[in-house]
Amino acid sequence: MDLKEIAKILKCDFSGENFEVTKMNTLRDAKKSEISFVANSKYIKEIQDSNAGAIIVDRSTKEFVPKDTIALVVDNPYWEMATLSKYFAPPIEDETLAEPKIGKGSVVSPKAEIAKGAVIGENCTIMAHVYIGANSVIGNNTIIYPSVSIYRDCRVGSNCIIHANTTIGSDGFGFATNKMGEHRKIYQNGNVVIEDDVEIGSSTTIDRAVFGTTLIKYGVRIDNLVQIGHNCVIGEHSVLVAQAGISGSTTMGRNVVMGGQSATAGHLNIAPFTTMAARSGVTKSINQSGLTFAGFPLMEHKLWLKLQAKIARLIK
Amino acid sequence: MDLKEIAKILKCDFSGENFEVTKMNTLRDAKKSEISFVANSKYIKEIQDSNAGAIIVDRSTKEFVPKDTIALVVDNPYWEMATLSKYFAPPIEDETLAEPKIGKGSVVSPKAEIAKGAVIGENCTIMAHVYIGANSVIGNNTIIYPSVSIYRDCRVGSNCIIHANTTIGSDGFGFATNKMGEHRKIYQNGNVVIEDDVEIGSSTTIDRAVFGTTLIKYGVRIDNLVQIGHNCVIGEHSVLVAQAGISGSTTMGRNVVMGGQSATAGHLNIAPFTTMAARSGVTKSINQSGLTFAGFPLMEHKLWLKLQAKIARLIK
Amino acid sequence: MDLKEIAKILKCDFSGENFEVTKMNTLRDAKKSEISFVANSKYIKEIQDSNAGAIIVDRSTKEFVPKDTIALVVDNPYWEMATLSKYFAPPIEDETLAEPKIGKGSVVSPKAEIAKGAVIGENCTIMAHVYIGANSVIGNNTIIYPSVSIYRDCRVGSNCIIHANTTIGSDGFGFATNKMGEHRKIYQNGNVVIEDDVEIGSSTTIDRAVFGTTLIKYGVRIDNLVQIGHNCVIGEHSVLVAQAGISGSTTMGRNVVMGGQSATAGHLNIAPFTTMAARSGVTKSINQSGLTFAGFPLMEHKLWLKLQAKIARLIK
């Protein structure tokens, strides 16, 4: 799809040379052939450093777009980004892709569905009612239990175990909302990558990135019924206990422990070796590593214990 | 099943003319050919206005039943309602129904199961390991990802997306308990209706109504691992973030936002344009629209911020 | 596998007679032909009473092992127990087992997968996309809805109902962690037993025991999205409301009620007829039966109401 077609969809003009647009992306990650957008004034400072070939902006932001980058001026850039995202969504399945490849020694249940373009490594066990989507790649020695669904374009490493009814790569919860309170889907055209030696429990959900990748690093342990939002990064050997919820774009260092039913807000950084007790609610980034927290709002665990003692006295 | 048979099952007598009973229903919704019950004295005032042909009551409530309505007097009306509900439950599947209909342009995986009596609209994508129950109806252009289960008698609108491993129409959590602490299932003979342009995440559960309908209105957005109890109504364009839980019979207006891990008690009304922060716990109805709440117990968000500041001082 | 081979895997010596080791087990439950371990000094007092034929210990614990029991001395007994657990794990499926048996009157969807060695009782309904693992046994008149996965060696009683997308018997969340922060899986070689007349909602997860059994007793009612950890015991007629989470090795008496989104820590005892309000967080055992609790930290419900009143005054 070239820029002229995009301008037509968004009902706007542009000045500059038309080019084939390969992808939508963030300001930070976009390449010359890609299109980006500015939907929030806090990102204006990133425009200067973006390599995007074209940027969707509103009237007031146009002046910040460098001369060699094409500006597409619209009323509501976030809404129009949502509009456009649909055009960059690949088909859910693609009959033109190659037959799936199954590595030596792998056992795939005849009741599993392996989509075209998928690749399964060696010595894997793919059980009944599993779905592995187009172009998804599974490493070696990985066990995928019944009714696991892995959407297209995802990667699962070697020596992984994924338990029943878990979903990898479903759409992140992304939409634009207009003044009428109506929502428009932002197609989630990124993916999920799970590195080697990861174990994931049952009925856990890991959303695909809107752009780029939701990343579960080497050695992570995830329990049952855990929610991981789009574009999260879970550091090596981190441990997420049952019913924890990690909101979108949060990044954890290695060996972070999230207790049962704990949760984080989105867009946070959590330092390595941080431990969160059960039910913790994390609303700010944690910069110092090695500490233990509890409570909502979050505080150091030893403070939380003191607070509970004070509250106990309140009752008397 | 006629009233005589019912009286026999419930081991009670009745005076009045026998009739064919078509359904069990609430006092409010029951028609002349239907049977209802009073299990709680707060519903006594609704007896007068009910059109039910017969009502199951205990001895003390009998006097409130109008002359032209038949009273079935039992010791424990709630328990006997549970007893009777089983007799009104349709079979899970029904081989006598018509072959399922698949609309033009729809792609149904050979590994999906479409029960007899089901109807799929046009241009739908029904992926592997999906189950669509008897008499359920799917609109046009709807995408249903792998391992979604839709029980019998439900409706999903057009332009909907339902992500993997989600369950629509499983039984609401309903049972009667006797003095011995034993439970008897209340068969959930209602359904779920999902209107057009709704997106539902993965591993979300939406329970069918005990009578009537659990209703998800136009344009709603539901994230992963959300629980919606029986007989809820979720208003247009409402947004339910991951791991939220909505207890039975709660009704929301349009554009309500429930943050991650938030929850409501049952039988509440929540005004349109209400926003609940993450972890909110709603125990009372909200009548004024447009406000933002937080905390458990719930309070206005600005008060909650003040309270947290006071609590922070407590620690020092 | 005999003790010599085990000593070789663990790179340790032993003195005493070699024997065929049939199983790993806890100190309390191990028989003469079984091997156990001591990974925490608080279990030292149980060594004396253990019938284990051999015990994995560290240097400092060796002296507590009785003369007629063989000690295997290693640096990190918990880590080595994890190492060894893999060797006692049965295969996920086993082609040498007998063809599955289906009782009279049972209807099994051709799209369900019943593994070899499984036994289905009479008059059951096993719907599409169900998985029932090796040697698992289902009673009579039980209904299993679509995409339920039951792992190997589990038992489900008669007159049970299990709703869609629920997982029974997936691995408990067990691993050893070394000083480098790396995790090693503890294979969960126990099972899940569900007694008669139990109903379980959709997308609920019940983990198999590491040794022994996770037990759901007669008449229990479990809602949607509930997490039950390995080695829990849920007492007769207990009620677990949606999104509750029960951590590993917690034992409940009969008729315990856990409200929505409530949770317990692990290794607790909860007295019969205890009621926990929604969102309760239980961190200590409850010895007196018949009480009602709320809050996190947990307190009696009437105290919690008082506390909330005081907190409300704090805001003013």
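Brief remarks on what is shown
Order of writing sets the chain letters: A, B and C. Residues in each chain are counted from 1.
The criterion applied here is as follows: a contact is a pair of C-beta atoms (placed from the backbone, for glycine too) under 8 Å apart; a residue touches a chain by one contact, two chains touch by 3 or more.
Small disclaimer: the values here were computed from a predicted structure and weren't measured.
At the interface between chain A and chain B, under half of the residue numbers appear on both sides, which makes the contact a different-residue one. When the CA atoms of chain A are superposed on chain C, the rotation angle comes to 120 degrees, reported as a multiple of 5. Between chain A and chain B, the centres computed from C-alpha atoms are 32 Å apart.
Annotation for chain B: residues 111, 129, 147, 165, 203, 225, 243, 261, 311 touch two or more other chains.
For chain C in complex with chain B, the touching residues are 109, 111, 125, 127-129, 143, 145-147, 161, 163-165, 199, 201-203, 219, 221, 223-225, 237, 239, 241-243, 254-255, 260-261, 273, 278-279, 308, 311-312, 314-315.
Those residues of chain B whose C-beta lies close enough to touch chain C in the complex are 92, 111, 113, 129, 131, 147, 149, 151, 165-167, 170-171, 173, 175, 177, 181-183, 185, 203-205, 207, 225, 227, 229, 243, 245, 247, 261, 263, 265, 281, 296-297, 299, 303, 306-307, 310-311.
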